[in-house]
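Both of the next two complexes hold chain A, though its partner changes from chain B to chain C.
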Partner chain A sequence: MKTKSDFPNLNERKPDGVKDDGTPYRVLVVDDSVFVTKQITQILASEGFEVVATAADGEEALNTYKDKYPNIDLVTMDITMPKMDGVTCLEKIMEFDKNAKVVMISALGKQELVKRSLLLGAKNYIVKPLDRKKVLERVVTSLE
Partner chain B sequence: MSDYLDPNNEELLKDFFAEAQAQIEALEQNILVLEQDPANRDAIDEIFRAAHTLKGGAGTVQMLELAEFTHIVEDLLDAIRSQKVSANPSLVDTLLQALDVIKDMLDYRVEGKVYKKDVSQLQSQLKSYLAAGGVSVPRTQTPPSPPKTPAKHTVTAHNAIPSSTGGLSEYERMELKEASNGKKVYKVSVHFDESNPMNSVGGIQVFAVLKELGTVLKTHPEFDKLYEDNFFEVVDYYMTVDVDWAVLDKKLHIGDVTTGYEILEIELPGAPVKKAETKAVSHSPAAEIKKVPTVEKPTSTENEERADQEASTDATKKSASVGSVLRVDSKRIDNLLNLVSETVINKATFNQIANIFTEGMVEFHAQNNLLREGLKNFLEKIPEFFNQMQAGANPKDLKKRMNDEIFPLMKIYDQVESKLKSAINNFKSSSQNLSRIIGELHEGVLRIRMVPISQIFSRFPRLVRDLSKTLNKKVNLILEGEDTELDKSVIEDLLDPLIHIVRNAIDHGIEDPEYRESIGKDEEGSLVMSAHNEGNMIVIEVYDDGKGIDVETIKRKAVERGLIHPTKILSDVEAFNLIFEPGFSTAKTVTNISGRGVGLDVVRKQIEKLNGSVSIWSERGRGSRFTIKLPLTLAIIQGLLVRVGKEVYVIPITSVIDSHRILPTDIKIIDNYEVFNVRKDVISLLRLSQLFGLKAEEGQYQFVVVVGSGDRKMGLLVDSLIGEEDVVIKPLKDTYTASPGIAGATILGDGRVSLIIDVSQLLDLGLRQERAIREKREIRVR
Partner chain C sequence: MRVEYINPFVEAAYNILREVLSEEVKRGILYLKSSTNPVKGVAAIVGLAGEVEGRVLFDMTKSTALKIASKMNDEDLLDWDDLARATITELANLITAQAVTKLHDLGFRFDLTPPALITGENMEMYDDYKDETETLIVPMETSFGPVEINVAIRERNRN
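Let's turn to the complex of A and B:
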C-alpha cells in the first residue's frame, strides 16, 4: 500500500474547501435539477468542501437553512425553481441571517435577476453551464 | 467660475489669505525638510498638498497669475513625488525661489495689486527639471500588465490618492458634498471585462460590493442604466470609503468581471484637497487618464490681462477694509461667555443685596421713629418720676420702673442690625466672587489675543538656511517651546529683533565649518531658539555654540568709539551689554548680513518698547546666549506705586531691582552727582521731584527705588512707597508723548490718574547727561 511518505506531495496545499482549523466548509446546494446538484457537489467535494444538505426548491432550502443554522457556511442557489424561486429564497435567508453567504447559480439571460440578487446580498453568481474552475473561484471569493 | 463663490467676498479673501499664509509656511518648512532628507515621503506629500491647496484657493478667488504659477510648481512637485525627479540641492533652491515669487504674488494681492513681474525664466527653469527628469505632463501611462493578478493592483495609501474635480460640474460636486456628510469622496472608476458571458451584471455586482465598503453616492452611468441590460466598459462610482485601500483593492478584483480600476479623490467645493492628477491603478491597457485642470484659464493672454485688471481694481476696493484677522480657538470664546454669564448672575446677587439694604433702611427709619416716640414718652414721664420721688417713693422701685420704660428702646435696633450684618456678609462674599470672575475674565480676554510663538519661529528655518548658505556655514537650527503663547501685538514687533539676533549669531557667532573642525567642535554649529513662560513673563532665548563674544575686543571698540572712558573697569556683563549701544559693531568686515552698524541697539530699543528687557551672556569659544524677557501682554503691567509730592507714579515692577529706605545724610555727592551706596555698588540718584518739577515733602526718611536693565542701574528718589498693583496702561495722546520718562498713564482704584514711568528712557536720559558732562570736562582738560 502506498503511503504518503512514499510519495511526498511536493506541492502540498490546503484544499480551498477546508477552513484554517482543518474542518471543511459546509455547503447547502439548492437546485431543482439533480444533475446540476450532483455536478456542484462533485466540484465542491473535490476541493474538500462538505455538502451537508441539498434542496430542490426555495421553501425546502429556507427550512433546511433555518434547521441547520448556524452550521451552514455557504449556499449555492439556483434562480429558477418551483414553489419558491431563488431570489425570493435568498431574500428570506438574508432576512433570517444577514451574514449568510449565498452564491447564485444562473442560466444565461437572467441578468436582471442576478443584479437583483447581488443587491439583495448575494455574494457572487455563477453562470451555467458550470465550469469547475469558475465555480471554485467564485465560491472561494464569496467566503472571504 | 461658479456663481456662488464671489471672488470679491471679503470674508473669503480674508480666509484665503490666512490659509495661503499657512500653506506657504507648510511649503517652506517641508521644502527645507526635503533638502535635508530628499527621500522624505511625508514632506513631499505635505508640500504637494500645500501647493495644491494654494493653487485651488487661488483659483477660487480668481488670482489667476498665482494659480497658474503654482500649477507649474505643482507639476514639478508631482514629478518629485512620483520619484521621476530627485530633489537635489539646486532643485530645492529653485523651489524656494518659486516660493518667494508665490509670496510676492500674495503680498501684491493683499495690497490689492496684481503681480506683473516676469517669471518666465523661473517658469522655464521649473519646467527644465521636468524635462530633465524625463517626465511629460500630464501623466505617463502605467504600462499594461496581464489581468487576474491581484498583485498588480497597486495598493495606495490614503494620503497618496490623487484628487481632482473628477470631471464633475460644480453643482454635482456640491451635491456630493451635501451627501457625503463631510467625508472625503472618491471616484472609483472600474473597468469591466467584456468577454464575461453576463458582462452586463458587473456594474451592479461592483455596486453591491462597494456599498459594503462605504457609501456609494453616485454612479456614472446612472444606477438605472446599470440595472438595464447594457454593458459599460468603465463605470465610475462616487463614494465615501470606510475601509482600508487594501480591502477595497481586494474586493474590486473580481475574476472575469473587472479588469482594473482607478481611484481619484474628488475635490469638493469649499474644501480643496490634495492634488489634481490621477494615478492609474490598472492591469489593463484601457486605463488612460487625462488630467483634469482645476483652474479654467482664459484662452488668450489678452483676456487674462483684462481679468487681472478687473480683479485688481476689485481687490483694491476691498483691500482697505480687510483688517488683520485673529484666529481664536472657539473654546476661549466659550469660556468668556461662561464668565460673562457668571457676572450676570453676580449682578443679580448685588441687586438682591441692594434690596436688602433698602429694606433695612426703611426698617431702620421705622425703628428710629419708634425710638423717638419712646424717648418722647419717657421724657414726658420724667416730671412724673420727679413728683413721685419728691412724694417719697422708693428709689429702687422707681429705678426699676424707669428701666422698664427704657429697656425696649435699647433693643429696638437689634433686628435691623442682624439683617444688615447678613447683608454685609453677603455683599462681601459677592464682591469677592466678582473680583475672581473679573480676574478670570481679564485673563480670558487677554488669552484671545494670545498666539503661539511658532507664528514667528516658523520663519526661521528658511532664514537660517539661506543665511548659512550665503555665509558658507553649517547651522542646525533647533526650535523649542513653539507653543508658548504671546500677545499678538508683541509677536508682530518681536520678529525683527529676533531676525537681527539670529543673523548676528550666524554671522559673528558660529564659525566656518573648517575652523570648527580644526578646534574639535562639531562641523555643524547649532543655534537654538527657545521660548517659555516664567511667571507672567515670556522668556525667549537664542543661543549658539559659536565663538562667543570677545570681551577685550568689545572694550577696545567701545573706547575707540568713545562709548566708555579708557580707564573704566568693566565687568564682563557690562562689556557684553555694550554691544547694545548705538553704533557698535564688532564685525571685522562689513558683510551683507550684519555689521552695518545699525544693530543691536535697535533690538534693545524695540524690546524695551515692548516693556521687555534683553540681555546677553557669553563664554569665549563656547557660544553666546541672548535672553529676551517680555511681559505676557502689553495692556496690563504690575507696577510699584510711589508717591512724589502729591502725585502718585507707577514704576513697572519688571525694571525694579530693589528699594531702600535712606536718611538724607546717606546721599553722597560725587562729581556733582548725588549717589548712594548699596552694598559695594555706587548708584547715581535721580530725584523724580526735580525731574517732574514737583515740590518734594521733607520727611525723616526718603526712599530709593533702584531701577535698571542689564548693567545699567539708577536710583529714583521718591517720598514714599505705596505698594504693588496691576495697572492698565492707557497710552497718552500724541501731544503728551514728548514728555521724557513717561510711558503712559493709568487710572488708580480711587479714580486718580497716575503716570507710568518709562525706566529705559530715564536711564538713557541719565546716561546722556553723564556723557555730555564728561565730554565737556574732557574738552576743558585738553
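Let's turn to the complex of A and C:
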C-alpha cells in the first residue's frame, strides 16, 4: 500500500527565506536595541532566513558587511544609532556595493527620511512597531 | 503648552500601547502640573531639541515594566535584565518617534535624543523651566498597570 510520503505534496510551500537552490538568504541585522534585534531575527528565522550577523551601530555594520562580502543577501538597517547613523551607513554600503539590498527599519516615519533613504538606494522602508507580515512582505519584495 | 504639541503624544501613546500590548488601553484625564513629579520606579526619558525643546518621560512601576516587557517579547521575563530594559526603552522610542513624525508633518523641526532609562525608588523629576513650561501628564491604564507619559516641551527662545 502506498503511504502519504509516496506522493508529492502539491500544497507544500517553500519558505520565503529559502532560495531556489535550497539555501537560506543570509541577513545582517543592524539595530542598537537587543529587543529589536531579537524581534527581527525571530521573524526572519520563522521563514527560513539565516541571520548571519548582527551589528549595534553603523560603523560595526559597515565593517561586518565588508568582511562578509559577498555573503550577505540583505541588510535590515535601523536609523538612530550611536557612532554612525543608519542613513550614513546605507550611503557607505551602497558606495562599496551598488547592488546591496538594504531595508531601512525605523520608528521614525518622516517623509524626508524615507525619501532620502530610497534615493540613496534602500530597497524599502519599514516603520515600527514591527509586524511579522509587514516585515516579511517588504523583505521578500526587496530581494526580487 | 500649545495644544499642537500635546495631541501627537496622546495619540501616539494610545496607538502604540494598544498595538504592542494587543489590548484596549484606557486614556485617563490629562492634567497639567507645575511642581516636581514623583517617579514610580522605572522612567524612560527622551529629549527633544530644535525649534521646540524639552523632554518626554515614560513612567511606570518596575512590576508593570516587567509585565509589559514580557508581553512585548512573548515570553515571561522574570528579571529586570538587559532585554527587559531594552524593551521598555524601545517602547519609549516607538511612542516618541510616532509623535515626532506627526509634529514634523505639522511643520515643527527638531531631533530626538536616544532614550535613557532610570530605575530606583523615591525619585522625583524636576524641570527648571520656571513659568515657561508646565508638565502635561497623559495617564494610560493598561491591564499590566498604569503608564504615565509626562511631557514638558517649550518653544525655543530665538533671542
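Keep this in mind: the second predicted complex is superposed on the first by the 132 of 144 C-alpha atoms of A that agree within 3 Å, B and C clash if a C-alpha of one lies under 4 Å from a C-alpha of the other, contacts with A are read in each partner's own complex, and residues count from 1 in each chain.
We adopt the following convention: a contact is a pair of C-beta atoms (placed from the backbone, for glycine too) under 8 Å apart; a residue touches a chain by one contact, two chains touch by 3 or more.
Bear in mind that the values here come from a model prediction, so they are computed numbers and not experimental data.
> Quick one: chain B and chain C on chain A, clash or fit?
fit
> Name the contact category of A:Thr88: first (chain B only), second (chain C only), both, or neither.
neither
> State whether A:Ser106 touches chain B only (first), chain C only (second), both chains, or neither.
A:Ser106 contacts both chain B and chain C.
> Just chain B (first), just chain C (second), both, or neither: which does A:Thr80 touch?
second
> Given Cα centres, how many degrees, to the nearest 10, is the angle at chain A formed with chain B and chain C?
The angle comes out at 120 degrees.
> Check whether A:Lys38 is in contact with chain B, with chain C, with both or with neither, and answer first, second, both or neither.
It touches chain C, and chain B stays clear.
> Looking at chain B versus chain C in the superposed three-chain picture, what is their shortest Cα distance in Å?
5
> Check chain A for residues that touch chain B in one structure and chain C in the other, and list them.
In the superposed arrangement, which is not itself an observed complex, chain A uses residues 106, 108, 111-112 for both chain B and chain C.
> Quick one: which bits of chain C touch chain A in the complex? Just the residue numbers, please.
Residues of chain C touching chain A: 16, 19-20, 72-73, 82-83, 86-87, 89-90, 93-94, 96-98, 100-101, 104-105, 112, 114.
> Contact residues on chain A for chain B in the complex?
106, 108, 111-112, 114-115, 118-119, 121-122, 124-125, 127, 134, 137-138, 141, 144
> Per the contact definition, I'd like the list of chain A residues that touch chain C in the complex.
Against chain C, the touching part of chain A is residues 32-36, 38, 80, 82, 106-112, 128-129.
> Over in the complex, which chain B residues touch chain A? Could you list them?
197-198, 200-201, 204-205, 207-208, 226-227, 229, 250, 254-256
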